[in-house]
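One structure is given here, and the rest of the page talks about it.
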Amino acid sequence: MTFTTQRKVRFQHCDPAGIVFYPRYYEMLNSVVEDYFAEVVGHDFHHMHVASRTGVPTARIETDFHAPSRLGETLTFELAIRDVSRTSLTLRIVAYCNTQPRLTCDSTLVFVDLESGHPLPWPDAMRRHFDHDIT
Amino acid sequence: MTFTTQRKVRFQHCDPAGIVFYPRYYEMLNSVVEDYFAEVVGHDFHHMHVASRTGVPTARIETDFHAPSRLGETLTFELAIRDVSRTSLTLRIVAYCNTQPRLTCDSTLVFVDLESGHPLPWPDAMRRHFDHDIT
Amino acid sequence: MTFTTQRKVRFQHCDPAGIVFYPRYYEMLNSVVEDYFAEVVGHDFHHMHVASRTGVPTARIETDFHAPSRLGETLTFELAIRDVSRTSLTLRIVAYCNTQPRLTCDSTLVFVDLESGHPLPWPDAMRRHFDHDIT
Amino acid sequence: MTFTTQRKVRFQHCDPAGIVFYPRYYEMLNSVVEDYFAEVVGHDFHHMHVASRTGVPTARIETDFHAPSRLGETLTFELAIRDVSRTSLTLRIVAYCNTQPRLTCDSTLVFVDLESGHPLPWPDAMRRHFDHDIT
């Protein structure tokens, strides 16, 4: 299963070269993960951070930027679950403009207790979604 | 040769978990590359973008986040040149708080013509610095 | 006439106090103006900046923050045109969460030539929209 | 007394017009207030937010942008205390490049309890600094 969502390239994302400044892509990528957790897994970041005092910090991320993106374009982000362990999750997100790939991003998130910073096993309700969505 | 500079973890870098939100690290990392080009290579980003209409977009970047960073900490960034080709440059940047590593980032930049987006060979004056600084 | 659009409060907008960090509101406010120009005035920022080398920098802005906004909330932004002169535009944007006002922002934009930085008279096609939308 | 500090205009601050995107000025302005609290008042934001669970959200801010700032410039920020009440503080910050004013910003901060969001009276140790620094 692939989770798909779109983002518009806005003025705030673009640099003096008129293209997306790459740190801004990470804000988009994080918001795509946020939507996946809220809409598919059913655990939104507000609930996670405030009610259950847990979080999903990124432990590792690698990105290939295939072509620049420009102001006004609409990007389609496709998120796929690649792997899941007791306490972590490995994702691939590919962003396209129409059919042209713009970036491929592989990342690993860890489920942690915000107070101690220690990894926690995924709750069954979340784990079930990851196992189901794995590709 | 290693280029070293520091950044303070500020309120604007931190998320609801009270730690640096990882997209903000990329703003710091980009500013470290900016300082290396201005202070060591002698080609500041203003000159590059405005006067010579060239840029150094990131083609590929991978980062391991070893431990979270907190508001008020001072991070030391060490940049090393790992490889240089006719049109690209491969860097490693490691960030520490005191002696504790916080992240290791490997990236490849490409020297491009801003109008066409095409790669350009590094000017000799820049290339000389990269060759000298390679580790 | 009021132009209305919505923004979700995301992780990237929130600070260690768990509320929107006020500089992030300005990214939202700028994107609301961006949508007004693209959807109502029919001059998107890409066309303006790239094709016609013009821009609409903010000359003055004042904001009252009535109540904090939290991760996961959806904010409704209402933009109204308050005044228009030969080269400038005065807007009021109010943001609500449900019926609770979160901020009121009054700003003045100036239409400029990007090369010289000098103010330009609004083209008739744009001016017509502002005159029509004034409240 | 005026508190003075400097910020470099970096690539991350600049927009497709090649000038500082105004929301980025607010990150700079917030960091200037952060430095004033840490260096002059002796209460850094980490201590405030984490140890004492208090914060200083902005209640009102107004800014005049006098002239654009460009990549590579160094801006000097001068912060002056204009007024202090039992629970709030009114500041003026003016930013210059050399002697050219770039912006004038008047803001009011409120000292709050982070749990309740309610205003708190300034502790005597902080209040003493504000009273001393008022201009």
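Some observations on this one:
For reference, chains read A, B, C and D in written order, and residue numbers begin at 1 within each chain.
Everything that follows uses one rule, which is that a contact is a pair of C-beta atoms (placed from the backbone, for glycine too) under 8 Å apart; a residue touches a chain by one contact, two chains touch by 3 or more.
Which protein is which chain? UniProt says A, B, C, D = Acyl-CoA thioesterase.
These numbers come from a predicted model, not from an experiment.
Remark: rotation between chain C and chain D after Cα superposition is 180° (nearest 5). Between the chain pairs A-D and A-C, more C-beta pairs are in contact across A-C. In terms of the distance between Cα centroids, chain B is separated most widely from C. Note: centroid distance chain C to chain D, computed from Cα atoms, is 23 Å. In whole angstrom, the spacing between the mean C-alpha positions of chain A and chain C is 28.
In whole angstrom, the spacing between the mean C-alpha positions of chain A and chain D is 33.
Chain contacts: chain B has residues 11-12, 16, 18, 21, 23, 27, 30, 49-50, 71 touching two or more partner chains.
Here chain B touches chain A in the complex through residues 16-19, 21-24, 26-27, 30, 49-50, 55, 57-65, 68, 114, 117, going by the rule given at the top. Of all residues in chain A, those touching chain D in their complex are 11-12, 14-16, 18, 21, 23, 71. Against chain C, in their complex, chain A makes its touches with residues 10-12, 18, 27, 30-31, 34, 38, 44-47, 49-50, 70-72.
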